[in-house]
Amino acid sequence: MDQLFVNYVQAAAVIIYGIGFFTLFFNPNMIKKIIGFDMMDSGIFLFLTAQGFLYGGHDPIVDPELVGAQNYINPLPTGLVLTGIVVGVSVSAFMLALTVRLYYRYHTLNLDEIIRLARKEED
Amino acid sequence: MNAGFLFVLPVIIPVIAGLLVYFRPEYREEAKRVAFVRIMLCVTAAFVFLIDLLPEAGLHLFSLTPELPVLFQSDGMAKIFITLVAVMWLASGFFSFEYMKHEENHQRYYLFFLCSFGVLVGLGLSANYLTMYMFYELMTLLTMPLVLHSGKKEAVQAAFKYLFYSVFGALMGLLGFFFIYNYGTTITFTAGGVLDMAKVAGHENKLLAVVFLVVLGFGTKAGMFPLHAWLPTAHPVAPAPASAVLSGVITKAGILGVVRVIYYLIGPDFIRGTWVQYAWLGLALATVFMGSMMAYKEKVLKKRLAYSTVSQVSYVMFGLAVLNQAAFIGAILHVVFHSFIKDVLFLAAGAIIYKTGRTNVTELKGIGKEMPIVMWCFALASLGLVGIPPLAGFVSKWYLAVGSLESGVPFFNWFGPVILLASALLTAGYLLTIVIDAFFPGSDFPMDTLTKKEPSYYMTVPLIALTFFIVWLGLFPGGLYSMIESFAASVF
Amino acid sequence: MSPYWILVVILLPMITGALLPILDFKEEEDRGKRQLFVAIPVILNTILVYALILHKPVGDLTLVHLTKDLSISFRMDGLSAVFAGLVAGLWPLSTCYAFEYIRHEGKENKFFAFYTMTYGVTLGIALSANVVTMYLFYELLTLVTVPLVMHAMDKRSIRAGLKYLAYSIGGAAIAFTGVMILMNSGDPSMTFYYGGSVTESAYLANPTLVQVGYLLCFFGFGVKAAIFPFHEWLPAVSVAPTPVTALLHAVAVVKAGAFAILRITFYSFGPGILLGTPAQGIAMAFAMITIVFGSVMALKEQHFKRRLAYSTVSNLSYIIFGATLMTPYGFLGALCHMLFHGIMKITLFFCAGSVLVQTGREYVHELEGLGKKMKLTFFAFTVGSLALVGLPLLCGFISKWKLGTAAASAGTTFAFVGILALLISAVLTCGYTMPIVIRAYLPREGFDESQNETAKDPGLYMTVPVLILCAAMLYFGMHSGPICDALFAVAAGLI
Amino acid sequence: MELVQNFPLLSIIIMTSCGAICTLLKGKAAKWYCLVCLAATLALNLFAFFYTLQNGAYVYYMGRWSAPWGNEIKVGVIEALLASAFAFVMILSVLGGLEHILEDVESTKVNLYFVMIAFLMLTLLILVYTNDIFTAYVFVEINTIASCALVMMRYKPGKTLVATTKYMIMSLLGSSLFLFAVCILYNITGHLLMEPMGQEVRRLYAEGQYLFPLTVAIAFMGVGLSIKGALFPFHTWLPDAHGSATTTSSAVLSGLVLKGYIFLLIKIYCRVIGLDVLAGDHMPDVLFLFGAAAMVIGSVRAMQQTDLKRLLAYSSISQVGYIFVGLGLGTEAGIAAAIVQILAHAVTKPMLFCAAGGFMNVSGGSRKLQDMTGAGRRDPLSGAAFLVGVFSMIGIPLFAGFTTKLTLTQAALGHGSVKCVLALIVIIVSTVLNALYYIPTVSTLFSARNDLTPYRNRYAHYHVPYVAAMVLFMIVNICVGTLAGPLLEAIYAGLPSLGM
């Protein structure tokens, strides 16, 4: 339990991730699903950035006064998060495009309903 | 080249004759058929007697595989058996000419009748286990249609029962064959046995079990308990001449099998004093007694005779199981005598059925007046079967009893004769009552209304001839005795 | 002869079969052409096979190496010669029979295509030099025969076909596992050597594994040989056209299973290792159970062809029983029965097929009185039945004799029980064949002959093969010395 | 540095540029350009394969930073082999489904289809080669998008859209789990390159530190990639997606895309986690069990299908099960078997899908098995290819499937425990089930039909690309079956560089 309080940022990240996960998985609304996905991504990014952060650490720009890696925050997670955001955005965009197509065809955003309609269409 | 080539003829002639009778359209005609069959029976019998007269010989016909030659020989046992076969077939065959008039499908009947003649001669002449097994199987298959002949429901059932019991029995024989081949030096019949004791060592128990199964197997054909049930079912449904040979000869084929296996392959020494001998004795005696009891209770004449066969053939089994010379001689004598007697009895029953249609013993009152010749023969045969001197049956039973008493087998040495005696009394009870009723139906029976219904010569001559042998052999058994003794000595 | 001829005899029928759908003969009009097109390669192939048997090619023919150990190779050794000889002997006869029979079924092109292909595939099994090759052809055999079973393409035959398929493929899959164990415990190329390729050290390292491997192979290949409890498919496939049931499910396919067991027992695992192990006992016990069980089922079965199929179930296990004795004599018995049962059972099936075609009757009780009308057919059936029962003078006795004496000489109690099983089965055999014969000739009292008015023997295409087979039964029954010597040479590993 | 060592990266660059250039080209030109690029990729990777076969694996630094900071690709025998195979199968799938692409995809968007193909190939190459776990994540996502686009890109919307959506959602779940696992691993090890990461993981495991995060990472990694690899019970998206896409898409998706993810998983498990650590967490057991279940359930479900493409899709689920069983055995031989199965299935399933496309042509475009009665006679080439595929699926010697069965059974026997028995049983059951749905399918395809409606009577008119694709597919399948020896040798030679 102690670990949980000390690493409260990580805990929050996991909670956000969990919310996103469940939304993506169980919410039938397409838009909410996409929001859920974004929350998942955000959760992970938070987790990642929190790991790179160092209390009292400086920006990772080399300052001649501060020698030694322990004085700087880790720049790599930040870079990773940036990449991740790019990927996440493109996936969200793709999903949104998909949703638009679905909506044009079925006039609803409810995935369960869409599946039902699609099955009917098939028959 | 010796007389061996002769052996093929009495085997093959009846078979070919039978096929001709069946397939040639001209033999649909009664007269031509009878003439042909008569000649063929006589020719075959003549060859059989010729073989009897010639000295012992052997013939190697061909080999299935090198270890399985088809061999014939005419030793004493063979001669006795084939002579018996020939006589019975002659008598029954002639009887058939008349009897079959009230049955159908004559050509088929003669086909199987003649073929089984040939096969039985072959069986008698077999000189090794393979040949015997072969003819034994063929015999079952060829005699089964005789049982089936009428095509009635009970006949069909009886035939199948006969078939399965017999095949089972034969296959037990085959089981023995496998083992004798492995544990013996040869499969050729050799007096005294062929077992190779070096190979047997360590496998005695298994071999004893096999021997027991073989005895049971061949005992099936001989109607030995516990595999006797087919016999009272099958024999009565066949036409009377067929019943006669079935009871008279075919049951003896089982005996021949036992003799050949026990005395000529396994050797009596191997089983003497073992549980196999005691079990065998016990089963034989049980059958003797049980057969008589069943016969006593039975009301249908032919069935009564069939049960009687069950009982009498086990006299022979008992004699063989005692495993000494006197009992052996008694057994072989009983084989011969019982054949004659049972043939007469069945033929007489057939004549009665043929002429009057009566099948039940209670209907036979006063029949002695209607058919005196037939009933006289019946009476003499009955007396013979009971064992009244000087008729045939007495001699054999005497030797059986003597053999048993001097054998030294514990318990059975005195218990056997006691059972035999009891059975003889029962025999008197179930046969002589018929005779008495036939001739002395009682004072209130309207004897005067009866008319004479004597059958034709085709029926009476065989009866009289056979009855004559019964009396003659009873009076002068010496020739036969010495002949049997000559080969009996060699097996012990 | 050059080992390449082996490839020729395997491929010639397969190519002929494959060409049939391409040439696409018309069903009715081109019948003559088609028959010629099929008959010539089949006969030629048979001649080639016998030429190969008489002049055995020296050495193996390796077609392709799968891995550094496994290869597809062919060889003509003694056991191959026996099976190939049997197959090659019976194929022309049954093709001849099929020419007439299959007119009643239709779809002749398809039928002969697969039928002829099967010839090649079966020879492939016979001539394999190692387990993998055998496995290949074993699988192919299933695949080319399934269409034959499903020939009618009605619900019944499709269901039967699927059953057959499931059992066969399942069996092969089980066997495959066993083969893998074999591969790990000896010569990894799994080439057949008389006496086995499993090394003593590998066996001692893990005896249980090797025995389990043997049993897996035994039951896996045993599926095709219809070992209890994997026998179900065989009676089911009797819906197939008779030439198929006769040749494939009495000879080629089921014997392929038995052949595989012989190979596995004597040439792969080797009796030296298996003798006296629990694996031998289990295998033998199942063989015995099947022997009796098959006969009992045959006795109960009223459908003519299914009855024969159950009889096959029983008889196949005679062969397997011989194999599980694991002595040269047992091997000899198995070989004898393999040959002779092939001849006997194909005859019986042909007779059943003739009856089916001529009268449309399928059940045993409908055959009453037919013996007088279909004389040749029932003559052959009688001879076949008697041979199957084991009457001396006919070939069935020879194999029974060899098996029986082999079991007797094996000396174990188990073998003794096996003999009893054989004999009980023989009684039962009598029980399920003889009533047919008897009632065909000797109908019951009051039987109405008029219902058989139209029945008559089929044409020459169907009767001649049957009579040739009868003659063969008699010949081998009365004079089997030479062939037994040859088989013994095989069984003792001399050739 | 030798020239050949540049080839993998060169192929990646070629595919990237191909994707970019295809957006500018018209449909036909894009097709040819894409095919040429794929051929070049194939050639380059084959060179790399033979190079590594002789000289062993090598690491190729991206930029001037070397490990543990820089990004790098690692080229081993297995990687190069898979890359070549993937490129080859990709070419054949495109050729085999070319006709259908032109039919199914709007003519203005044909070039986009080839863009997606190019990107898919690109991502596959990177998934195979990369040694950097975050790069892997990025390309997993790109791969997802590309493959979703391939599914969606069919003229007829509706079902494909829904299928794509399902596929997308499941993929996103999978990749986010994967990403999470990557983050955790990064956190506890401080590395992103696989080898340093692997050393760190082993050290931590040996010292007993961070065991819980490690377990979570392993599990998330496994679950995430299993979802993408369609392992039972995460397979639900697959039949819809593969069943409704155009021929090439189905072929590529089941033949290659799944394999890309699974190979990534294998690579991470071997190189990063290490099999001994993995075994301590019982992850192989879990994968094994689900793989075994997939083998059976996929086949059972396939038996119930009336739609040929869905049948093939369910069959893929069962085949993927084989790979996971091999992986789940957790031994060197097991991994080798898994890789063999990746190859064998990659050369078999696309062929079946292409053949199914051929059957559709002669059955009025219907995918229903019922309507395809006799299609094998009307289109013998597809029929022959389908037969080869079926033989392979059942595991007849000489065909690719047999190699799998052989290696997998051997691997199971080598394992020698309860798993061995279980594996043998499922292999047997699955073989039988495979036969039970494939053979009736074949018999339907080849059986004659009397009520031939006109369109069904249409006989196949072959296009050169299709013929070439099918013939090559058959040859390759048989090659994988008959040249199992060299293949296995190559795979075993490559296992050390995989981290074994």
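Going in written order, the chains are labelled A, B, C and D, and every chain counts its residues from 1.
Basically, a residue touches a chain if its C-beta (ideal position, glycine included) is under 8 Å from a C-beta of that chain, and two chains touch if they have at least 3 such contacts.
Bear in mind that the values here come from a model prediction, so they are computed numbers and not experimental data.
Chemist: Hop across touching chains from chain A and tell me the fewest hops that reach chain D.
Modeler: The fewest touching-chain steps linking chain A to chain D number 1.
Chemist: When the mean CA coordinate of each chain is compared with the mean CA coordinate of the whole protein, which chain is closest?
Modeler: Nearest to the common C-alpha centre lies chain C.
Chemist: List the centre-to-centre spacing of chain C and chain D in whole Å, with centres computed as mean CA coordinates.
Modeler: One centre to the other, that is 43 Å.
Chemist: Indicate the whole-number Å distance between the mean C-alpha point of chain A and the mean C-alpha point of chain B.
Modeler: 104
Chemist: Per the centroid of Cα atoms for each chain, what is the distance between chain B and chain D, given in Å?
Modeler: Once rounded, the distance between the two centres reads 83 Å.
Chemist: Chain touch graph shape: choose line, ring, star, complete or other and state it.
Modeler: line
Chemist: Kindly provide every pair of chains that touch.
Modeler: Every pair of chains meeting the touch criterion: A-D, B-C, C-D.
Chemist: Where on chain D is chain C touching in the complex?
Modeler: Interface residues on the chain D side: 377, 391, 394-398, 402-403, 405-406, 409-410, 413-414, 424, 427-429, 431-432, 434-436, 439-440, 443, 446-448, 481-485, 488-489.
Chemist: Per the contact definition, I'd like the list of chain C residues that touch chain D in the complex.
Modeler: Against chain D, chain C makes touches at 21, 64-70, 72, 107, 110, 132-133, 135-136, 139-140, 143, 146-147, 150, 153, 158, 161-162, 165-166, 169-170, 172-174, 176-177, 180-181, 183-184.
Chemist: Considering only the defined contacts, which chain C positions touch chain B in the complex?
Modeler: The contact residues of chain C facing chain B are 386, 389-393, 397-398, 400-401, 404-405, 407-409, 411, 413, 416, 419-420, 423, 426-427, 430-431, 434-435, 438, 442-447, 477-481, 484-485.
Chemist: Residues of chain B touching chain C in their complex?
Modeler: 62-66, 68, 108, 130, 133-134, 137-138, 141, 144-145, 148, 150-153, 156, 159-160, 163-164, 167-168, 171-172, 174-175, 177-179, 181-183, 203, 206
Chemist: Which positions of chain A touch chain D when the two form their complex?
Modeler: For chain A paired with chain D, touching residues are 17, 20-21, 24-25, 30, 33, 37, 40-41, 44, 47-48, 51, 76-77, 80, 83-84, 87, 90-91, 94-95, 98, 101-102, 105, 111, 114-115, 118, 121-122.
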